[in-house]
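Chain naming follows the written order as A, B, C, D and E, and within any one chain the residues start at number 1.
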Amino acid sequence: MHKFRTILTAAFAVGALLGCQKKENTLKIGLAGVQTGPDGEIGTAPIRGSQLAIDEWNAKGGVLGLQIEAVSRDDEGKANQAVAVAQELVAAGVKAVIGHFNSGCSLPASEVYHQAGIVQITPASTNPQVTERGFNQTFRLCGRDDQQGDVSAKFAFDSLELSKVAVIHNKTAYGQGIAEVFRKTFEAKGGNVSLFDGLASEEMDFRATISAIQKSGAQAVFFGGMYNQGGPFYNQLRQAGFKGAFLGGDGIYDGELIKTVGAKADSVFITFGPDFMATESAKPFLAAYKAKFGQDAGGYAIYGYDAANILLEAIQKAGTTDADKVSQTLRSQSWKGLTGDAEFDAKGDLKKANYVIWTIREGAFAVR
Amino acid sequence: MQTPPNPDSGALLFSQMLEILINGLARGSVYALVALGYTMVYGILGMINFAHGEIFMIGMFAAVFALGAMGSAGLVAVGITLPLAILLAMALSAGFGVMNERIAYRKLRGAHLLAPLTSAIGMSIVLQNFVMLSVTKGKVDFPRAVAQPLANTTWSLGPVQLTALQAVIFATTFALMCGLFWLVQRTRLGIALRAVAQDRTMASLCGMKVDRLIAFAFALGSALAAAAGAMVAMYQGVLRFDSGYMIGLKAFTAAILGGIGNIPGAVLGGLIIGLTEDLTSYTIKSEWKQTTAFAILILVLWLRPRGLLGERVADKV
Amino acid sequence: MTPVLKATGVSKAFGGLKAVSAVSIESHAGQILSIIGPNGAGKTTFFNCLSGIYPLDSGTVELGGGRIDGLAPHLVSRAGLSRSFQNIRLFPEMTALQNVQVGRFARSPRQILGTILRTRAWRDRERASLERSEELLAFVGLGDRADSWARALPYGLQRRLEVARALATDPKVLLLDEPGAGMNPQEIVDMMALVKSIARLGVAVVVIEHHMKLVMEISDRIVVLDHGEPIAEGSPDEIRRDPRVVEAYLGRSEEPHG
Amino acid sequence: MADALLRLESARTGYGPNDVLHGVSLTVREGEIVTLLGGNGAGKTTTLGVLSGIVGLRQGKVVWEGRDISGQATADRLRQGLVLCPEARRIFARLTVEENLIAGTWVRDPKLNKAKLEKTWERFPILGQRRKQLGGTLSGGEQQMLAIARALMGEPKLLMLDEPSLGLAPLIVEQIFRILVEINAAGTPVLLVEQNAHQALKIAHRAYVLATGEIVREGTGSELLASDEVRRAYLGED
Amino acid sequence: MSLPKNIFGARAAILGGLAILTAPFLWTRLDPDFATGFVSLRLVPENGIQFLSVVVPAALVALAIAGLGRLWARYGSSKPLFETASHRLFESPRAMAATFAALAAAGFVMSGKALSLGTFVCIHMMLAIGLNVTIGFTGLLVLGYAAFYATGAYTFAIAAHALPVLPTWAALPLGFTVAAGVGFLVGLPCLRLRGDYLAIVTLGFAEALREILRNLSVTGGDMGLVVPMQARIKAIGPVGQGHASWIAAVGVTLLVALFVHRLYHSRIGRAWIAIREDETAAAMMGIPVVRLKLLAFTVSAGLAGTAGAFFAGFAGFVDPSTATFEQSVLILAMVILGGIGSLPGSILGAALLYLAPTLLRDWFPAISDYRLFFFGCILVAMMLFRPQGLCGSPRHKLELEGAS
């Protein structure tokens, strides 16, 4: 038994050394999202945007008198990694988290933040479920898939006067979510979804699916997925002689899409926020981003930037980092950002989802 | 979920079935080309070359690199650049194949099954990440100006629409397969390859440089995979560092299905897998095509453990 | 006296080649039967047939009155036939003792739950198995090498270990495939003594051997195979004088008869 | 007597810790048939392995036409005409007869293949009849002929054979030995490893008896036929 | 056969060949012109310089470590150290209890991050120990091991939804039983196949299973399933949720290890090794080879299921990524790195391979993209230079030398 006690004491001693944490004099903010792997490029953009905002705040003297320390973590776009990252961030003592990128990551991770009582603002997870679970400190600065799918379906039925559409998705929380909302709205309006099918994320040859679309007699295709599949899908549709419209969500809003489909792409309709990048107020941000990271800001960078600014401002206004107070403050008023005025509803969603329809014109995205 | 086909569109349905057949065969012939590489290496070494899918991916990138280099040099005539790019891609991939053999396999010949398999898995991770780190995490577009004209040219053969792109794929695949057949079955080199596959000691007693012949088999398989890669890149329009994994797995499935080590078997297996997938996509749902492909594999292995055309070789005691 | 092992008309062909044709043997408890013949005569194939590794084309094998042909090797082993291999086939990554313990597999009852919980009954059996294995190691002269890796043992001792492992299955019949191969003269003498002492335990021993000296000294009876066929059978003295045997080994000395 | 074509000088080698050959020396001269006899495990096959270069030497050397070739690879020795027809025939079972033969010409000029094949069909008419058949489908005797023919395709200056009579019926064995005599008569020296002592000694000019890795007796074929050494090496008689 | 200068020449040839082959990837950049649809190639040194600036120092560090490793191998062997320690541990209930108590108590002073990381490490230890039963003990090549992990995880998640009264502890028997059952059914037809075919069939099974999980609604599709609160590991009194998970993880891992240890040191374990070493000889010893292979396969699958169900109870959600090839390869690499067939090896391998990339990412965030690249390099290098793994015995090495 003597040995046992020795071991126990030693274990405690070692543990105490490990567990000993130095006094904090910074405010830690977690930045989480996919940064490596296939989605790494698009996922890094909002994190960099947030980073930029935090740098600006630090330059101005920080918040509540504290310098802000960004703790950036890569969830690799994988759900289980996201849980691990979330637990790490909680353990690292972050007071709030901006992230994650993929809906599939935000969903499980937000449970961890919820339990730990940490404010989370996602700049890009559009799956409705993210804010549907009654977590009062989970916020979303972008639109929801149901809003997006809804807008797209109404546009397809009302403006394009389509009655028969094939709906294809990439089987992810995002893609399938948006596709299902599209189908629901479209059918509710009296339209007919002639085909509803999912594609594996690594699949790039869609000819068989396209044949099935043609067989179903669809007039147009709604694509719930990302640009890397959306581009080839569009090209192959056109090669197969399909002339109908090609609709999609924000996942295909990326310069890479245009590189793939070319300048002559026609009848492409994408739901996305209004053209924030073209506004005068975004210019300094875009310039600073390019200067810092040597790259043009991607579609979601600006959301990351706004999320950080709004979060820090709310902390400043609340005068504390306490999650309940910060959440309350966030809900209580309207926030100014590059993406327009943001007001959060009880769920943590934006009250006013401003999705507009974009199209490709002369080799660039343009509001229709 | 499926809308029932229009009763009066029987003719349309028929032509679409033919189209599915063509699409499935195009996909299948690509699998077949890649499967040949697996089968050759397995036939000669009894090892699964797990990095073969990555060689295929390297071939995709190499083709675009070659087109880019020619583009920079001002050479844009598709009729010249495309064949040249495919050849260059084949050469570069062959080099990668040889290097792969040299580093990850040669020392492990005759070792326990697990060792070469593991090093091959390691090699495939290395190659994939090398391309990701050195080229891009995102996608690369196959130059549209090269692929589009081919894709937009369609020929009607009776009720069937065949694009020039598909014709190129069929023609190249067919030519390469015939070339391989001729090489393996009709030439001295082919005899030597088969001899090495059957009895390495006797082959070296015949004066054959076994190491070089094995490296040659790797080069050959890699070149075929690169040709397939170039065509797939053209066909689907984009390529990514992880584009090789699934095709590699499918092609490997095809090789096993046909009876690994057996060249006609690999072709047959590739076509079957390709057709199965497209038929599943068309008649059931795209969602289930992987499942049906693997279900067929398991079924075949269960009923015929040597694959469809595999030979029964007596186990030595 | 009834034989323990009785093989009748055993035949086996590979492709067109008749490796073993119509070989019959009888092996009695406590006796040593040797099978000899030039290279490629089908001796090892015959052993593989007896031990269930190859299915028979025709013929029967009886062990203690029951048929064992057509049984899988592990069932043949359980029925009481054990063997060694021409090219030693130990389990190289196990100690000498563990090798022998593997041989006890079928002789200890199944107890998965007992294994996990380490019940008293399990421990008793495990100890019994261990003791028996140690006994066998000592019997073949490896008592002091119990914890050596099998692969690390010298060649001669590996052969002995293989014999101990075969004995661990409590065989009624023991087939030894070239127990003296690759040994130096002293080791061969020791091996002869060991084989004799096994027979004295009441086991029926069947030996394939090339060392004529070994064969002539230890055998009670000898069967000679050539081209898969039995060409002679008898006591060592009879075999020594049999011209067919000399011919099988040295080739024909005259032009073919008639 | 012509000069020594091949000399093995006190060769010592083995596998693992034990030596299999304890200093074996032998000589083959132009035009000879030399037989190497010995019981199982005497080291006959290992000796051929050393000569052909698939087994390394621990001591001693191999001298070919006056040059030390101990360090040379199999292919290089083959190119100089040192051809081994190995034990158990080792036919490429899934190659046709013709392809098996072509495999034997790997180090030679392929332009000569046609003529060489013609010659082979003449010498072994049975192989000519089966030229398109897979090697694995031949009978044992035919396979042995194919193995010899394949070795001959390599244009040997010295043909080494390892137990060509193994597992063959007596009539076939005689046929094989007749062929060996013919080959020798046509000018190719032969080094023959055999267990069929009587047949082998009858055709041999000279012979060696190998026992446990040592040459225990050397002499002409008829000398050895009459001696007891051979019986002892095989039958273990005292 | 080859002389030293040859080896040097060969190395130079390999390096030279690599430099030429990788040149287009390292030193050029593709510039697509979306207007014309052509692409051009431009020489840019940055790509290559960045890549080499990470890889070359890493290679130098690796060489230094390898040098140290050689010294260690020459002057002291790792095997007795780990094997003896683990043997002593698992043979003594008192040592087990002490270890458990010490680790559990350490949870009080461990940070939340360390607790979560530790729990994940434990889950992977269970997986590595389980896979070692097939690959290490019995020599059966299983490439789709993650499929059984997913089976366990989904089984528990679905059951917890169907039975709202299901307690957390039910995860273990449930995960084990169902995954073992699935393993049995998959193994039944497969075990007649040759080694590498088995590898492929299990891989195919894993891929098909992942597709099925992604397609069915009962499994929640790609989004996966959230495990109801009542079935998760909860805080107990002063012990927080993270700490409770850690204690449970340590306990289950020790039990799993003890289970395997006891099987290994019994007639069943000896029979498994015998089958791995020589199937025919094993059969001649009266071992029913197919039945024991099936047993190993079933037990191994069951252990993966246990780990999976534990994961579900711990993480609170499951998704199809539990069945990916990447996950399978990770577990395989743990077993191989630790040493095939060695129980402490699996434990060590799991700890190293799970912790190393995570810590690397935290300490050197700049090279976090390179972690998989290095992971692959380690797999290849391990097979070439130390195929027996960290704790393995040098048998495979001998085989290699015999072959060359």
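Methods note: contacts are C-beta pairs under 8 Å (C-beta built on N, C-alpha and C of every residue); 3 or more make two chains touch, one makes a residue touch a chain.
Owing to the predicted nature of the structure, the values given are computational and were not obtained by experimental measurement.
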Exercise for review: Treat touching chains as neighbours and tell me the shortest step distance from subunit D to subunit E.
Suggested key: 2
Exercise for review: Quick one: name the chains whose C-beta contact count is the highest of any pair.
Suggested key: B-E
**Study point:** Maximum centroid distance from subunit D, chain identifier (CA atoms)
**Key:** A
Exercise for review: Could you work out which chain's C-alpha centre is the most distant one from the centre of subunit C?
Suggested key: A
Study note, to complete from the structure: With centres defined as CA means, the chain nearest the overall centre is E
Check your understanding: Distance-wise, how many Å sit between the C-alpha centres of subunit C and subunit E, to the nearest whole number?
Key -> 42
**Study point:** Distance between chain centroids, defined by C-alpha means - subunit B, subunit E (Å)
**Key:** 29
Point to revise | subunit A and subunit D: spacing of chain centres that average the CA atoms, whole Å | key: 77
Exercise for review: Among the residues of subunit A, pick out those that touch two or more other chains and give their numbers.
Suggested key: 36, 40, 171, 198, 200, 259, 262
Revision key, fill the gap. So subunit D residues touching two or more other chains come to none
Review point. Which subunit E residues reach two or more other chains?
Key: 32, 34, 37, 211, 214-215, 280, 369
Check your understanding: Residues of subunit E touching subunit A in their complex?
Key -> 32, 34-35, 37, 94, 97-99, 101-103, 105-117, 120, 211, 214-215, 221-224, 226, 241-242, 311, 315-317, 319, 321-322, 358, 361, 365, 368-369
Review point. Considering the complex alone, what residue numbers of subunit E touch subunit C?
Key: 259, 262-263, 266-268, 270-271, 273-274, 276-278, 280-289, 341, 393, 395, 398
Practice item. Would you pull the subunit B residues touching subunit D in the complex into a rising list? Key: 188, 191-192, 194-195, 198-199, 201-209, 311
Point to revise | subunit A to subunit E touching residues, read off their complex | key: 3-4, 7-8, 10-12, 14-16, 18-19, 21, 35-36, 40, 72, 74, 78-80, 83-84, 87-88, 90-92, 103-104, 107-108, 111, 115, 127, 129, 171-173, 176, 198, 200, 258-259, 262-263, 363
Study note, to complete from the structure: In their shared complex, subunit C is touched by residues of subunit D numbered 16, 18, 39-41, 136, 139-140, 163, 165-167, 169-171, 173-174, 195-200, 230-231, 234-238
